[in-house]
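Structures follow.
Shared chain: chain A. Partners: chain B in the first complex, chain C in the second.
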Partner chain A sequence: MTDRHEDLVERAGETLRGESGPPGMEERISRRVMAGIRDGAQRRRPRTAALRLGALAAGASAAAMMLWWLAGAGAGAGPDQTEPAPGATRHRFALVAPRATSVAVVGDFNDWDPQASRLRSGRNGTWTLELALPPGSHRYAFVVDGTHWLPDPASGATIADDFGDGNSIVTIVGRS
Partner chain B sequence: MRWRRLCCVAFLALAPRLEGQDARLTERLALPTAAAVQQLVDSAATAGLPTEPLIDLALEGAAKGATDQRIVAAVDRLWLALRSAAEALGAGASPGEIILGAYGLRQGMSPANLMTLRAGRPGDLTVPLTVALDLAGRGVLPDSATAAIIELAPRGDRDLRRLVQEVDRSLAGGGTPEEAWHSARLRFGP
Partner chain C sequence: MTMTDAQLVERVLAGDDTAFALVMERYRTRLVRYARQMLGNDADAEEALQDAFLRAYRSLARCRDPDRLGSWLLAITANRCRTASRRRWYRDRLFATNPPDPALTGDHGADQAEELAWREAIRHALARLEPRQREAFLLHHVEGLGYAEMAAATGSGISALKMRVQRARARLRTLLQEAGYD
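Here is the complex of A and B:
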């Protein structure tokens, strides 16, 4: 029972108790009022429970439909990370960064996801990673320590970037 | 019952919008930005333009922490470049040619350069456009690159790739892009 209800009951009781009546009426009224409240609460409870169950069921079905939709949409979106595209060629990315704690390569081949392709640290501070890339021109950049973006210093070709950092281009020639 | 009805109505109202959305956009962008980009993607699809570069650019912007307005503006500019490239390359242009042409335009090439390449090199323009883009990315003037690619047409695509390697070699020697280009052209011959 809420505070508001209790307050209302108390005030109703006080009003009734304030009226003149036969002896013992006060107590009877209080008992009837409280019984009425308990009764009302018991009547309300199943309705509230039904409402909650209904809302839960509706929410669950909506969530299930959302999950079904997300699974369906996700299945057709994004590059397939498990199998290389037909005609893909392995390309080695390398960056000399002795002070870096992490280096990732991001580009149009991995949806620019800094978590997708991390380079491995090797000798002399050289970080490397080989990726299978489909034929075509690919834009890419390195992300050093998760925050610092830079184009590949070893790449001859850079391309204008809408977001200020500049990208490199790697061209993968299809096997013919 | 009222709740159930409301949930169904809300879901049915949202479902058509969500169904058409690329999941990558909704995962990585704020919903209004994703919706704006999706509109451009849909419009590109209707115009027969490739849509993947638009999504890719939006994802790049999100990864680089660009503002929503900047992302939408960049995608809009690329949309225009794709349309210009498609117009310049003609009705039979493949999606790959259109994408390379659009990047070429954004790299300083002109629609006239694309039309010259289309007229001067019969067949698939993927390799010539890739080379033009690579050369532009190395600082070679688009007009010079276009002229050379047309001149070298009889020698085939393989020689075009060698041309880029020659420019790289010259650049590694320490010259400016124009100097590198001239020495590469001299070594390469007519």
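Here is the complex of A and C:
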């Protein structure tokens, strides 16, 4: 079931990769840009002054590399397969969802990957999983039946993400 | 002999504008695809891409790694698309003014009709994603950028981008299922 649904998104991606613009659009863009370059109003030699985008891109790239390093460059490596980070503390995630067929937890700690950390079904429809989390605040959410994202109803700390949906926050205090 | 990106950049910077036409020819198919899918409107995509190419031309000396010219151009295009999608006038008619695909209105065989309906379902599903989710999905799953490249192109953090991609996948899956696909 899950694999077939995953395949649906992959098929959509494949279809999109095969798309192109309507006939004549690409050539029209090139003609207009070249006209703009030739036009005196547009004609400037490529400048040597600082390009804001270039600077932003370089800054973001450096920040991204730092984040990547801080995260241990572990894309796709779920916490279950990695050594606990120094100072990591086990945290128990739990969700009561009697009708769910699957529950996963996604967050900063597992690259928001719904496949990485699946909860196990227990009594009274309670799903649980313990993960070793490093000190700090971590955003997370539950994914029910592979599709529905929801914040942790038992958590008092929730923050809206980019889209107004809620993520919960768990804070792990480092051991001294 | 085909010139490398770095050689083309060098020629443009030396004053050969025709080399920039070759740059556009090399990358416009990919950039047109991205802008159309991101904005959902051919006219706006065309305008955004013209603007992106002109900005790229004027700023070419700031391209720090000419061998990665394609990623640099995609970053500029993504930036222009983001600006376009923020405008109120644009949002008001987002996806509403694009006429139905002419191919959908003709008489087609069953297989072709099915293919066209599938494309239309994807188009509608993409339109219903939040712009930043759509941007992350397209950059990652369609244009094949890694998360570090996406972070450089968008200025967003890697974790946030991963979250957007996963949310976009879940939302797309739901929308396509609602449209009758599984």
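One rule holds in what follows: the second predicted complex is superposed on the first by the 94 of 176 C-alpha atoms of A that agree within 3 Å, B and C clash if a C-alpha of one lies under 4 Å from a C-alpha of the other, contacts with A are read in each partner's own complex, and residues count from 1 in each chain.
As a convention for this text, a contact is a pair of C-beta atoms (placed from the backbone, for glycine too) under 8 Å apart; a residue touches a chain by one contact, two chains touch by 3 or more.
Computed from a predicted structure; not experimentally measured.
A.B. asks: Where does A:P114 make contact in the superposed view: on chain B (first), on chain C (second), on both, or on neither?
C.D. replies: both
A.B. asks: Of the partners chain B and chain C, which touch A:G146 in the superposed model: first, second, both, neither?
C.D. replies: second
A.B. asks: Could you look at A:P86 and tell me whether it touches chain B, chain C, both or neither (first, second, both, neither)?
C.D. replies: neither
A.B. asks: Which touches a greater number of chain A residues, chain B or chain C?
C.D. replies: C
A.B. asks: For A:V106 in the superposed arrangement: first (chain B), second (chain C), both or neither?
C.D. replies: Both partners, chain B and chain C.
A.B. asks: Indicate the residue numbers of chain A shared between its chain B interface and its chain C interface, in ascending order.
C.D. replies: Of chain A, residues 51, 54, 57-58, 61, 65, 106, 108, 111-114, 139, 149, 162-163, 165 contact chain B in one complex and chain C in the other.
A.B. asks: If you look only at chain A, which of its residues touch chain B in the complex?
C.D. replies: 51, 54-55, 57-59, 61-62, 65, 69-70, 73-74, 77-78, 106, 108, 111-114, 136-137, 139, 149, 156-160, 162-165, 167, 169, 171, 173
A.B. asks: List the residues on chain A that touch chain C in their complex, please.
C.D. replies: 4-6, 8-9, 12-13, 15-17, 19-22, 25-26, 28-30, 32-34, 36-38, 42, 44-48, 50-51, 53-54, 56-58, 60-61, 63-65, 67-68, 71, 75, 106, 108, 111-114, 139, 143, 146-149, 161-163, 165
A.B. asks: With touch defined as at the start, can you tell me which chain C residues reach chain A in the complex?
C.D. replies: Within the complex, chain C touches chain A at residues 12-13, 15, 17, 20-21, 24-25, 28-29, 32-33, 36-37, 42, 45-46, 49-50, 53-55, 57-64, 72, 75-76, 79, 118-119, 122, 125-126, 130, 132-133, 138, 141-142, 147-148, 151-160, 162-167, 169-170, 172-174, 176-177, 181-182.
A.B. asks: Given the complex with chain A, which residues does chain B contribute to the contact?
C.D. replies: Those in contact with chain A are residues 1, 3-4, 6-8, 10-11, 15, 18-19, 21-24, 53, 56-57, 59-64, 66, 70, 73-74, 77-78, 96, 100, 103, 106-107, 126-127, 130, 133-134, 137-138, 161, 164, 167-168, 171.
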